[in-house]
Amino acid sequence: DSACLITKTDTNPFFVKMKEGAEAKAAELGIELKSYAGRIDGDNESQVAAIEACIADGAKGILLTPSDTSAIVDSVKAARDAGILVIALDTPLDPIDAADATFATDNFQAGLLIGEWAKATMGDAAANARIGLLDLAISQPSVDVLRDQGFLQGFGVDLGDPNKWGDETDPRIVGHEVTAGNEEGGLTAMEALLAKDPDINVVYTINEPAAAGAYEALKAVGKEGSTLIVSVDGGCPGVKNVAGGVIGATSQQYPLLMASKGIEAIAAFAKDGTKPAPTEGKNFFDTGVTLITDKPVDGVESIDATKGAELCWG
Amino acid sequence: MTEPILKARNLVKRYGKVTALDHCDFELMPGEILAVIGDNGAGKSSLIKALSGAVQPDGGEIWLDGKKVEFASPLDARAHGIECVYQTLAMSPALSIADNMFMGRELRKPGIMGSLFRKLDRPAMEKFAREKLNELGLMTIQNINQAVETLSGGQRQGVAVARAAAFGSKVVILDEPTAALGVKESRRVLELIRDVRSRGIPIILISHNMPHVFEVADRIHIHRLGKRLCVIRPDDYTMSDAVAFMTGAKEAPGEPMAA
Amino acid sequence: MTSNGNTAAGFEEGLQGASEKVAEFHDDKSLLKRVQHWLHQTPSAVPMIVLAVSVVVFAILSENFFRATTMSTILQQIAIVGILGCAQTLVILTAGIDLSVGAIAVFSSVLMGQLTFRYGIPAPMAIVLGLALGTAMGAINGLLISRLKLPPFIVTLGTWQIYLSANFIFSANETIRSQDIAESAPALQFWGNAVQPGGVKILFAVFLMIALVAIMSYVLRHTAWGRHVYAVGDDAEAAQLSGVRTDRMILQVYALAGLFCAIAGWVMIGRFGSVSPTASTGQLGNIQSITAVVIGGISLFGGRGSIVGMFFGALIVGVFEMGLRLVGTDPQWTFFLIGVLIIFAVAVDQWIRKVSS
Amino acid sequence: MTSNGNTAAGFEEGLQGASEKVAEFHDDKSLLKRVQHWLHQTPSAVPMIVLAVSVVVFAILSENFFRATTMSTILQQIAIVGILGCAQTLVILTAGIDLSVGAIAVFSSVLMGQLTFRYGIPAPMAIVLGLALGTAMGAINGLLISRLKLPPFIVTLGTWQIYLSANFIFSANETIRSQDIAESAPALQFWGNAVQPGGVKILFAVFLMIALVAIMSYVLRHTAWGRHVYAVGDDAEAAQLSGVRTDRMILQVYALAGLFCAIAGWVMIGRFGSVSPTASTGQLGNIQSITAVVIGGISLFGGRGSIVGMFFGALIVGVFEMGLRLVGTDPQWTFFLIGVLIIFAVAVDQWIRKVSS
Amino acid sequence: MTEPILKARNLVKRYGKVTALDHCDFELMPGEILAVIGDNGAGKSSLIKALSGAVQPDGGEIWLDGKKVEFASPLDARAHGIECVYQTLAMSPALSIADNMFMGRELRKPGIMGSLFRKLDRPAMEKFAREKLNELGLMTIQNINQAVETLSGGQRQGVAVARAAAFGSKVVILDEPTAALGVKESRRVLELIRDVRSRGIPIILISHNMPHVFEVADRIHIHRLGKRLCVIRPDDYTMSDAVAFMTGAKEAPGEPMAA
């Protein structure tokens, strides 16, 4: 039996780990795994071509982290019509039931945790916060919207339409910039926000590579100490950054779990056609999320960086 | 004297700071070979480019057969029967001899293939091209579908001249057609020029080669500093006189249009 | 004619009886030379051979490769690049380049979609408008190049950014979902329909691409307009002087390229189901189509090559990508090998030209 | 000299007393013409003026714009593009193009980082190796172009993909963290250090870029090698015949371009802190540097333009991006306007050439 | 007879199917003007390109001053004192007259600026260029820093000839230096050629202009079908004979190297 793993890129460490996890599990279960990726985060066409290759190759199942969550839906349907089990990993499709199952972090929850933490950490100053948001892409894939809006909700900002970012009217928001989820994007986006308002003191970032870029920009103007950076991922470098004070708090995800669960589901499906079930009360299988910070606050559950380091990936 | 077949008055053409044509007049009589001579940069090529629609003059007027004309492009002039061999030959190196000869006046297949599908009539074009080249006895080209770039300089010049001679119904213009040619090859071009004239078609010949000019020309238009200085008959003056006029060494004869 | 004529050129009497021989030709009849000569005469032969070889190699490496379904998938994967390649071929034959093809395609598809969904225009009408607007975008390129005499590379570098950002601004970054299109404007997805002879699905889009290549091949080879495209690319000034309306020609070529891009945009809706302003074709379509053209043996200096070569070029890339995927190579190795392929294809082409010149 | 010589050319006695006048020149002394003439003589003047005007406009539109910190941020944002632009300028002056600049830069930075961290080579040594390998990548381009006579566009289209995927394969997609570098190999981050005159931070990288532009400006203008670069771009065959070793020259130019790219790669580590194989410079560095070169008034046909113009070109793009952000336009409008700017800059240039020709 | 200053034996050069040089011999004597004549495509340009290092012959040997030489490039030949004006002129249009004259042999500033920083000595180069142009009395160029592309065709040819004349210390080669020139301009070039010879430097002149050839040449090398057919003295034969030899109309005189 064979399976496919299609990630957004093969360069973000998160996906690199996911691939390693999937490979390990596949080897264990005797499944042949082929991996594909887009050229850049947001490259839908390469993912379409990859799905088509999997169909041609007679794969039993596909694990997909969709780059463009609504544009890819038809290709997913074609694969499912061909009798292939399609599982979305990390990023839900739009609509979410376009996939047979979704194994992901509760991305809204991930955002919510760092939002609440940031608000509590700032205390009274939160009322006059200057917030910068470093998002993923202008196409606003689901993961991008969920985390951003989760953060703002946690911070106590009125969301407007919760299905998109950028329509909020709260004057505390300095701006949204996109980063493509990598260091360079994080850096230039942060520089732009700083030029708009040098007094920014809270920065939300879509993921840890973007956070690392933002940190460099803040460091360049000597504001790394006075600005709160929050992020999502919980990769080992990210957890180290929490310990080192670069990132204030991060919501840890579990890509290895997504990958191994996914492979197991495909193995089960190949054997007797059973499809995985979602987590109780949710429309996807929640692989869990944990807030990591060395400065815990009341009312927001968290673990410290030392503990986080034991759970971290990559 | 009969009416000129091609006439221009007060042509002006400027290139940035340079005035290539400075209120220049021109006349070509039916059936004659008119040579145009002058120093380098005198404006000879500019003149014939203006006459053949390759450049649009900044001023002045042109009459063909007594009717005022304004040529927007070489195609336009061609439609009026004026064919020109430019100094640079103007051939598409990668295309075949036949393609080049018919550029801009391609023959289409008869019937629906031609009218609706606009299909080229290759055999007809090739036949015509071969005939023209043979008829002019100009060269020994084996393959009419050969790309022009595979021809020698002389052969290339031959194709260009043959094209003009074959299609020019009113006027044929040749800009230094023998500059790069050897003795033998030049001789052939001169023969061709006489040949075209004998078909009743007048020719404008630009050349720096005085013996050639005095050999074939009926009249000589001497160009100097962007203007027509004078027009002489080769029988009335010596080559030495012509050279003296065109270089400014001697005062030009008091003809109507002298500057 | 004149009295002193013949004296002056008197030395020419030496010409009497001059030989007709011009230069010596050694006709080399070795097999290699003859093969080279044939390859030289047949510009699409090299890509055809590369294609055949790669199909055979991949068929050996992966059992799933040489199957009707796989082949039809490859064809459907190259449909868009193939149509953009028609546009790019036309432009490159005139010695130009069009970096905006992908942007025009994506913007046109967005225009068709949004005109239908946001402005409520009936889909067929919206398609016609989208095609017209794509043609207009091409025409803008053509105008800047032919009237202002700006270099094509720069003009289309600029309009690439302009059309792509206009596309984002106009669409407000909204994706139109496939389900909605299927429900209320199925005409937009027309090219996504398929015939199924013997169970193998072949998209209408594939037939469209093949038809466009065939038509353009005929037009370029057998009509005056086609010969003029070559003439302009060969030597624009010579073409102008020998009776081609070069400016009008260039305008037409870019406008037609715009139309092809808009058609590709329409096909994108059929192929992907949805309308997405972020489709990576907008970013990569130019490089992909130039790659197909180049591997297909068309000269970037204009005037040489055939559109059928471009089709083989696109197929080669498609076969490589699919083949390497099935063999299970790392995606980065795929990109690596395609890079090598580009250089290799052009080096072979150069070698043939050189030796058989 | 010979007996029959003077008879044959006898008509030339008409030359005696020939006038020396060659053609009529109307020296137009209108102000407009004189301005045009000056602009024509000074190739970097147009971008300089565009730069000055845009700075003024943005200063009026946004109070945050005309500040020392904003200015220094702009400079630091263009440092990498500016250095890649030096490479691109050299190549474009020889009538070439280098699509692989960004890929070489990123791969070199990854090489420097991984040689230090994975293979334990001391950082200064790893930097030297990285610079050497970047130079080698450039030299490979140069060899393919000068020896195999392949078109630069195609060669670098191929090597762009090759270097970029080699970069991903070699790095195993690992990012090296800024903090780790700062701790154990600070030499890699050297160009990220800064001076702070009066509290405004200016990166070493900015000084490096300015120094490189100044040096190359001197070399191109005041050394024989520089004149040869122009000569090769102007007319390669003429240059070859009049005594330039064209092939060697082209090889040197691409190799030197590779070195500049590797330097840019080193600077990237300083600027971004970390070493990341995904840096978007790999994808976009070529277009960004070409844009700077083009806006800077350097001809894509080679042989014309100045490297100082490229510097202004990069600055204009930087000023536009920052200025439009501060004014609060949607980032898409920034791209849109940069597209317009590219076409506008070249149209102005063309106009000057035409009118003052 | 003294030793030839430049000698070649059995030169062969093929372009694809065409053999441009077919075991060609060549000799240039000290202090002479040697004309090379022949039909279009006979291989004249190929011969002088081989002699000046612009192409590498596929076979054959070249001696300069009795020593065997192999020129890898024009620069190489130049280092040996051979200067050549090619048919295409070989100038960089956008560069100045001085830049062009010194291309590949630029002067550097004295001292550390020159040796370490390799700075060009612009004033010295400009002075030299101006002197040379004036000395040759060839033209009235106002500005030595003018780009070559702003010169007329004749002026351009003048700069190329002046460059060769100024730097050629052993041999000066001119390939059809007057093809595009008018009567006046051609005359100047002929004067220049005599001038160079009077400085003791031998000259190879390729030309299709028989009167010019017979006027200035000491000996005439007749080229035919890629070979040297014969060498004649202008005093021994008429132009008509020369034309007959070169076109194959008459049997060539039985000179040593006749084909």
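Letters A, B, C, D and E mark the chains as written, and numbering starts fresh at 1 in each.
FYI, contacts are C-beta pairs under 8 Å (C-beta built on N, C-alpha and C of every residue); 3 or more make two chains touch, one makes a residue touch a chain.
Computed from a predicted structure; not experimentally measured.
Asker: Skipping subunit E entirely, trace which chains still reach each other through touch and list those groups.
Answerer: Leave subunit E aside; others remain one piece.
Asker: Hey, what chains does subunit B share as contacts with subunit C?
Answerer: Expected: D, E.
Asker: Going by the touch criterion at the top, tell me which pair is linked by more C-beta contacts: A-C or B-D.
Answerer: Greater number of contacting C-beta pairs: A-C.
Asker: Among the chains here, which has the CA centroid at the largest distance from subunit D's centroid?
Answerer: Centroid comparison gives B as the farthest chain from subunit D.
Asker: List the centre-to-centre spacing of subunit D and subunit E in whole Å, with centres computed as mean CA coordinates.
Answerer: One centre to the other, that is 39 Å.
Asker: Taking the mean of the CA coordinates per chain, how far is subunit A from subunit E in Å?
Answerer: So the centroids are 73 Å from each other.
Asker: State, to the nearest whole Å, the distance from the C-alpha centre of subunit C to the C-alpha centre of subunit E.
Answerer: 46
Asker: Measuring from the mean C-alpha position of subunit B to the mean C-alpha position of subunit E, what distance in angstrom results?
Answerer: Taking the mean C-alpha position of each chain, the two centres sit 32 Å apart.
Asker: Could you list the positions in subunit E whose residues touch two or more of the other chains?
Answerer: Expected reply: 39, 41-42, 152, 183-184, 210, 238-239, 243, 247.
Asker: Give the residues of subunit A touching no fewer than two other chains, as numbers and ranges.
Answerer: In subunit A, 10, 39-40, 138 touch at least two other chains.
Asker: Give me the residue numbers in subunit C that touch at least two other chains, ranges are fine.
Answerer: Within subunit C, residues 8, 11-12, 14-15, 18, 22-23, 168, 330, 332, 335 contact more than one other chain.
Asker: Name the touching chain pairs, would you?
Answerer: All chain pairs meeting the touch criterion are A-C, A-D, B-C, B-D, B-E, C-D, C-E, D-E.
Asker: Which positions of subunit D touch subunit C when the two form their complex?
Answerer: Contact set of subunit D toward subunit C: 8, 11, 144, 148-151, 153-155, 157-162, 164-166, 168-169, 287, 290-291, 294, 300-301, 330, 332-336, 338-343, 346-347, 350, 354.
Asker: Residue numbers of subunit C touching subunit B in their complex, please.
Answerer: Residues in contact with subunit B: 1-6, 8-9, 11-12, 14-15, 18, 20, 22-23, 218, 222-225, 227-228, 230-231, 234-235, 237-245, 303-304.
Asker: Could you please specify the touching residues of subunit A with respect to subunit D in the complex?
Answerer: 9-13, 16, 39-40, 138, 177-178, 180, 182-185, 187-188, 191-192, 194-196, 198, 209, 212-213, 215-216, 219-222, 237, 240-241, 244, 246
Asker: Sort out for me which residues of subunit E touch subunit D in the complex.
Answerer: 54, 73-75, 78, 84, 86, 88-95, 99-100, 103-106, 108, 117-120, 140, 152, 183-184, 187, 194, 210-212, 214-218, 234-235, 238-239
Asker: Under the touch definition given earlier, write down the residues of subunit C that touch subunit E in their complex.
Answerer: Against subunit E, the touching part of subunit C is residues 10-19, 21-28, 355-357.
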